[in-house]
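Take a look at the structures listed below.
One chain, chain A, links the two complexes that follow: it is found with chain B in the first and with chain C in the second.
== the complex of A and B ==
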C-alpha cells in the first residue's frame, strides 16, 4: 500500500491478499452484533423470513430447505396489470390444505367411517364443489366416498383399526386440495413503484409454479438456494446466495462489502454443487490431512489417511502452521530467485577499510 | 526465514518389522519403579526409553533428561489383537473379498470399469478420490457369489468395536490377519490400499509400540509420591493381562479362560488407543475420572492439534493492563520501562556496524545489550563481570540482543482476535508506569476499553518480519477497515463531543483558550480573529486541516463544507469525524496516510481538551421532564392504548385482514407490536423537539458521541414494550394465559403483556419492573447464546476459506490451484480501498 492513494489502479487488491480469510473475518466479527429475532415490522416479507444470525448460518451451512422459504412470482403482460387476471394466477398457485376447507372431522372408529363437515365458504373461495373434493379423496385414499344430503363427505375406509383410522384422517387434513403443492400460502402484492402485481408465496416449489400460465419465468425468485439451483443452475444459486447474504446483513444494518460475500458464495459453488462451509462441506473435503484433522473429527481423518496411505502436500495454511513453516499466502507466497550465472558475479567484499 | 523444507508427508501404518526396528527395548515387567525409586529394567519406565529424572542418563543415547529425545520400546503380545480404530477399514476389506479364495468380489468387467473411472478422476482431485473410494466399497458390497471360485459368501457380522462374527463363530484376530494377508496386491489397490505402506495385515497387532517416557512423564507430588501418566497406567494394564494370558496358556488352561483373557487384552489395547471408543466402557482412574489415552490427546480444543500445533507459545512477548494516553500517537504504544528493558531486538553485527555494536555492548545503563549470541548460536548473558571479555570476543556474524527503545516496531494484540486489525504494528514509546498506553482512537479496532483489559505485545525478531510489520501492519495503514472500507480508527465519545462543541456556529474563544488548544496540537500560530477580538471555534478546527483541503458532505446533522482548509459550514459530528466517517477517505486520497494519522492524533488531543474546557457535562437534570412534556407523555400512551383497543375490537368482530402466512390472532399481535413501537418512536421525537438545544444529553445523542434518542426516551418518557427471547410480547406465566395473577385471563392489552409506561427516571411500578426484568434476563441469556453461535460460525468460515488468495492475474485460487473467482469480486477492487462498499452496491 502506497502512502498516497490517488489513482484508480491503486484500488486494485494486493497480490497474495488472503481474501478468503478476510471474508471470513468480515462476516464473523460482526456476528455478535446481530440481533436474533427482534421486532421488525417493515413489510410483509420481513415479518415472515428468518433473519439475522440464524439466517446467515442457514445459508452458509447450505441447508437443503430454509426455515422460511419465500417465492416471489412476477407476472407477464396483462396478468401483471389486471388485478382480476392476477388473482386467477394467485388461486392456481396458493396452496390450500384440506384442513382449511373442512370445518370438522368426525371419525366413526367402529364402522371405519370418516365424516368431513365442509366449510362451504372456504370451498367456494377456492372454486371447489363437494363432489370434486369427494372424488379427489376417493382417488387419494382408494376408498369409497359419497356426498350426503347436507353436503358433507362420507369416507368408508377399508380398515376399522383405531390407530389407522386416526392416522388416515390426520394425514388427510394435510393433503393439498388446491394450488401448487409446496408453494405455500400465497398473497397478491402490488409493487409501489411500477404498479405491477406480483405474488409472494410462503413456499419454494418453483418447479410447480413456473409452468403456470401468466407467470414470468425469467423473474421468478425464491430465497431457497437449492430450489434456485434445481431450476436455474449453479450460477443462479451463487447469485441467490450473495443476494440473500446481502439482504440479511442489510436488514441488520451491518455494512459488509459484497465482495466478501461473493467469495463465500463462490467458494460454496465453484465445484458445480452447493457445499456448506462445515465439516461435511468445504472444510471436510480439503485435500490436506492435517487441515482436516486440525478442524474436526481429528482421529477419523488420521485413521483414514493411514489406511489409504494418503499424502499431505503441505500446501495449505494449517499444515504449514502445524509444522512451523511459513504459510504460502501473502508475503509467504513470493520468493527471491537468482540465476546461477549471476551468482558467480557476486564477489565477497574484501576486508572493511576504514 | 525458512530453513527446512518439507515437501510432503505420507501417512501409513507401522509394520511389525518397523516396530522392531525402532524399538530399543522389549518390555516385560508390568511395573514402573522399584522400591529404591529407580526405574525397573524391562519395565515401562526402562531407562533405555529415555529419562525424565534429572541426574539419570539415558541408556540408549547417553544424554540427560533435557536433551534425550526419547526412544520407543515395544511389548510382545502373546495373542494378537486388532487395532480398534481401524476395525471399520478391516470390515470393508473383508466384506469386499471372497472368504475362500480371498479375491475381490468383482468380475473382470467391473474391475475394468473401476480402473477406467479412477484413471480419469482420482488423480486430480483428492476430494473426488474419497468419494470414489466409497463408491468402490459400495459396488463391491453387492456381490453375493465369488466370481472366481464361485463360493457363496457367508454373512459377516461386525459389531463395535472389534467383533467379527460369521454366524455364531467369532473370527479371531489371527484368522483375520491370515485372511487379509492372502488378498493379492492388485485387489488391494482396487480398494485404494497400498499394501507397501498400509498393509491391512499390520492392523492385527502382535508387537505393541510403547512411546518414550518423556511422552508420558510421571510427576512427583509434594508428598514424594509418584503419579504416573494415564498412558503408563493403561500400558501397565495391557502388560498385566498379557502376562496372565501367557501364564494361562503355558499352564494349559481351558480354552474359555484363554479366550476371556484374550478379549480382556483386546479391551485394554482398544482403550489404550481410544478410551472413548463406542461399545466399550471407558477405562477409569482410581478416582473415577476417565483416562486420557492416545486419541484423547489429539482430539478437540485442548488436544494436540488445536492447542499445541495450531497455536504455539512464543518468546519475546509481554502482556499487561492497558490504559489511555491521548499524548501517545495512534501508531505508537507506551511501553513500561520494566518491559522495555526485558524485551530485546536482535542487532546483527556486521563489518560495517562493528563499532556501533561495541559501543552498545559497552553501555551499562538502560538501552544496552542483554545477551550476545555467538556464531555457533550459543547465547551468553551480558553482565558487568564479563563485559570486557565479550567486547574482545565480538565479531561480525554475532548477534546482540538489545533492549527495546523508542521507535522499535512491535506487534500489539487484543484477544479475541476477531479480525486482522486485532493485531497491528505500533512504534515503541518507553514510558514510566506499569501499563501499556494507547491512543483512544486505536481502542476501536481492538474493541478495547480500559476497565482492566490486558493486551499482548510481540517483538518481531527478523529484519523481514520487522519490515513487513512496518510496511503492512502499521496502524496508519489500518485506518480503513477491510470489512467495508470505512474508517475504523477514529475518535469517539469525548472527542466527538469536543469537536461538536467547538464547531458550533457561534462558538467564540478567547486568545488564551485558542493558544492553549492549538499548542496542544503542535500549532504555534493563530487564525485571524473575528471583529470582537475573539477566535471562532471553526477557525481553530480549520487550523488542523491541510491548507488546501476541500470536502463536502451531507450528514444526518446537516451539510458540512470545508473549502481551502477552512470549515465554512456545518458542525463536526460522528458522520464526518467518528467511526465510518466520510472525511477521512477524502483526506487520505489527497494527502496520504501519514497526514491523516497526524490529523487524528492532533485533533483528538484538541477535541478532548475542548470538551473539558467548554464544561460540557450531563447530569440528572438532563433527564427530568417538565409538566408539559409529562402531559405529552401521557397523551402518547393514551392515544396508543386507544388505537390498540380499536384493533382488538376489530379483531373480535373479525374485521381484521390477516397477514400472509399468519393466523388472524398472530396478525393482530404484529399490528399491536408495531403500534407500541411507533409510540416509543413518537415519544422520542417529541422529547427531542421539546428539549431541543441546550440539553447536553440530546447533544450527545445528536453528535453521535454517546447514546441515542431511544436511550433518552427510555430514561425520560417511558420504557415501552419489553420483549422476550423470541421477539414477541411477554405472554407466558399462568395456565390461564396471563403473565401475573392479577391480570385477567386472556387479556392482551398492552400493560398486561409487558408494556412499561414509566421511565427509568420516574421509576417503575412493581409489575412494570417485573416485566422489565423479564426482558433484561431474556437479552442476557440471548447474548450468551449468540456469542457461542457466532464464534462457531467464524471458526467454520475461516477454516473453509483460509487457503484462498489473490494471484498475479487477480484471480482467486486456493493453494491447490482450484479457481474460485476469475477476477476477485468481479472488479478486483480491494474492499479496504473501496468507497463504494455499500451493501446495495452489488
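== the complex of A and C ==
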C-alpha cells in the first residue's frame, strides 16, 4: 500500500510545471499527422459523424452547432427490452418533414391556393392522417385548409401574390410534421452486449427528446457540447468535451494521454461557460495587454489598453519573453525567500554544534 | 424520354442536337480531312447526355494513330516512306493518320497498346508503350520495375545532375554552373536516350557499387565512397561562378567608375582587400582569390549630397561600391569579359572557377530515385574487395532498396556488370522485355565470364582480410553527382551582424546570419520549464540592451555626456534605473509613443 502511494506520488505534477503548454503540444503535434477528412469504416454511427482534424477544431473552437450532431437516447425499463415499445419511442423522436410525406406541390397563384398531393404510404408509416396534417397546416399558416375527395390537402391562402405564395410553399416543406423538431432522423439500434435497444438521432435537441415517455433521462448523451451544457450543466459539458476529444483521436489511432485533453477541457470550461481556445475565447481573455497584442489584432489591443490606461502586471509567459525577463514558469517560478544581503545578517544557529 | 442532347463549346451551351453519335462522327471526320482545325476536340459524354467541344488553350493532348475498321492507318508503306525521309510526322497529322486527343475525347476512344491487339472496336493505336512516360522519365532504364514515385524523383535528380551542359561553357558567363570532369555515357541506356543522343551530354559516371554496410557509415541514405575512386576523378567537377557589375549613370550627370578606389572614398575596405586588382581596377585572370577579395573595383557618387558641396568640392567625394567575393567562397579568376550594354554603360563580368572534389556531405543519386549523401570517404585498403581485387567505388546500404521498391536499381546494377564484363551495351527501355527474361539474359552473360549469375560476389573485409560470410551483390550503376554540395551551403556563426531596426541577429547565409530560434523552439523550452535558458536565447544572445528608466514617471531617459548625469527628459529627474530589456521591446515602446500613447514602466526594486 505504502509502495503504491509512493509510486503514484512520483507522477504528481511538480509546482511550476507548464501543463498547459505541454497539453497544447500533446494535442498539436499529433494534429499534424491526422488525415484530413478520412474515409470511414462501414457502419451507421461513424458514417455520419465528422471526424479527424475538422472535428478537433470544431470542439476546441467551441462552435455553437457541430457540423453533425448526434444524440444517443437510451430507454427505460420495458422500452429498452421490447422492440415494439422501443419503436413507439423512436417514432415520437424521429423528425419527419413535410417534404417527405408530400409527393407533389401544386400552386395556384391566381387563386392563392396550394394543393398538397400526399404520399399515403409515407403518411401511414408515420401514423398520420390527411385530416391531422391539414389541421396542423391550418394552425401553422393561419389559413383555411380542406381535405378533398382524393385525400389531397387544399390550402386557401390570404395572399395571392406570386412571391409570397411560393415562399410559403417552400417554407411549408421544411415544417416538421411529426417527431421532435431538431432531433433529426432517428434510428433504432441494439446494443450487442446488453441486448437493450437504444436510439441514435442525427440532431441534438435534447430538451425535446428528454420529455418523451420511455427515455432514460440519466443516460441521454449528445456530441453537441452546448446541448449538454444547456441540459446538464458545465461539468457535463466538460466531460463531453473530453470524451469527444478522446474518441476522435482514438478513431485516428493517435494516442494522447487523456489528462492533457482534460486540462484543455478544464481551461475551456472553468469559468462556468464554454470558451473556445482562439481569439474570442481563452487567448482573447488573457490578463496581459502585451500577450494579447502579441497574439492577434495587435493595434486594437494596444489602443484599447491606452484608452482605459491598463496596467500589465507582467505575470504571464509571453509578456516576459517580449520584455526579456525570466518567465515565471518552471525554474523561473521559484524565488529566494531571503535576499542575499539579508543572509549575511543571519547568524548561524548553534543547533548543529555540539 | 429526353431526346435532345446539349452541345457545350468550352463549357457554354451553344445548342442542342438530336443524334449525338452522328454529330460527333461528322465533326471528327471533318477534322481528319482538315476541313476544321486539328486543335478542336469533341467528346460525347453519354452519362451526362452532352457533347463537349473544346477549343480553348491549356489542354493536355496526346497523339494517337487512327484506327478504322480494325486496321491501323499507319501502313508499312508509310513507315517505309518515313525511313526514306520522304514524309515526316506533321505530314501524318495533316493527312489524317495521326490525331491529337485531349483528356475528354480520350473517354470516347478505345486505344490499342500495340498493332497485335487492334480489334474491330479499336479507335486508336498508341505509338509505343514508352509513350506512357514522358521524355525525361524515359531516359532512366528499367522504369517499369520501380515505384512510380521513385521514378518521378529520379527525373528530378537528373535535372540536378552535373555533366557537360554545353560545349561552349568556356565562352559562357553563366551566373553559376558546374561541369563534370569525366562524364561517361551510361552502360545501360534506353531507346529514347539513344534516339535523343543524350550521351553526348552525359551527366554521370558508371560506378562499381556494392550493396553492403560499412561500420554503420552508410545508415539511412548515407554513402561510403572509395578515396582512390575520388582521387581518380569520380564525381570531380568544376564550379563556375560569375560576378557582374556595370557603370551606372545617375541623374545629374554623375556615374560609377571602374577604378581602384582611393583610400578617401566612403566605405574603403583597407589596402589589402584591393591588392589583387590591376591598374584599371579589375582583377587579372588566373589570380587566386579568397573571400573578402575585391574582384571589380568601382567607385560611385556619394549617397547623400552634402550642403557644403561647393566649399570643399575641389576633390570629388566618392563612395566605394566594389564587388567583393562572397564569404565562404574561393577559387581562381577564370575569365573576364568587358562589354557595353545598349545604353552605353560599361559592364564587367568576372568568372571564378574552383574544383569541387567530392567530400563528406556531397550528394549523389542513381537513376532510380536513390539519393545519398557521402558520409565517409574510405581508404581503399580498408574497403571490401573481390577475389579479383576490385574495390567498389560506392557502398550502398542494402536497406535502401526493399522499402522503396526500386528493383530497377538492382536490375541496372546486374545489367551494368554484365555489360562491363562482356563489352556489350544492354537496353533498358521500359516495357520491352519481362524482368525474368532480362535477368536470365544478364545471368548467362555473367556466368559465361565466370561470375555468379545473380550478381553476387564474395567480398573480403579490407581490414581483417577474411571473406564475409554472405556473398554481396556487386555491380555497375550509373550515378549522378548532384549540385547540392556542402561547400556551397555550410555556414557558421558565433557572433556577427545584427539588423538595424531590432538589433537582432541577421538571417540567412548570404548575410552571415544566425539560425532562428523560432516560436515552436520557444514553446519547447517553455514546456520544459527551462526559464533561464529561454532568457539566454531570447535576450542575452539576441538583442539585449540597457535602457535608463525614470523612477518617477516611468519614461525612458538618457545619459548626458556633457553634464555627465542621467536625465529624464520628461520630468527632469536624474534618478534613473538601468534596466536590461530586449531592444525589440524598446522599439515597441518607441512606436507606441509615436502613436501618442505614453507607456510607463513601473519598476520594482
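We adopt the following convention: the second predicted complex is superposed on the first by the 331 of 354 C-alpha atoms of A that agree within 3 Å, B and C clash if a C-alpha of one lies under 4 Å from a C-alpha of the other, contacts with A are read in each partner's own complex, and residues count from 1 in each chain.
We take it that a residue touches a chain if its C-beta (ideal position, glycine included) is under 8 Å from a C-beta of that chain, and two chains touch if they have at least 3 such contacts.
Computed from a predicted structure; not experimentally measured.
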Chain B versus chain C as contact partner of A:326, first or second or both or neither: both
Partner chain(s) touched by A:121 [first = chain B, second = chain C, both, neither]: neither
Per-residue contact with chain A, leading partner among chain C and chain B: B
Touching partner for A:159 - first (chain B), second (chain C), both, neither: neither
Touched partner set for A:167, first chain B, second chain C, both or neither: neither
Which of chain B and chain C A:315 touches, first, second, both or neither: first
First, second, both or neither for A:25, with chain B first and chain C second: both
Shared chain A contacts, counted only where both chain B and chain C touch the same residue: 16-18, 21-22, 24-25, 302-303, 306, 311, 317, 321-326, 328-331, 333
Chain B contact footprint on chain A (complex, rising order): 1, 3-6, 10-32, 34, 36-39, 41, 44, 47-48, 53, 56-57, 60, 184-187, 200, 202, 242-243, 246, 249-250, 255-260, 262-264, 266-267, 270-271, 277-278, 281-283, 285-287, 289-291, 293-295, 298-299, 302-318, 321-326, 328-331, 333, 349, 351-352
Chain B to chain A touching residues, read off their complex: 2, 4-13, 85-86, 89, 126-127, 130, 133, 192-194, 197-198, 200, 274, 295, 298-300, 303, 305-306, 309-310, 312, 351-352, 354, 418-420, 468, 471-472, 477, 482-486, 580, 588-594, 659-662, 670, 673-674, 677, 721, 723, 725-727, 782, 786-787, 789-791, 793-794, 796-808, 810, 812, 814-816, 818-821, 824-826, 828-831, 833-834, 837-842
Touching residues (chain side chain C, partner chain A) in the complex: 522-524, 526-532, 534-535, 538-539, 544, 580-582, 584-585, 588, 592, 595, 597, 602
Residues of chain A that touch chain C when the two form their complex: 16-18, 21-22, 24-25, 302-303, 306, 311, 317, 321-333
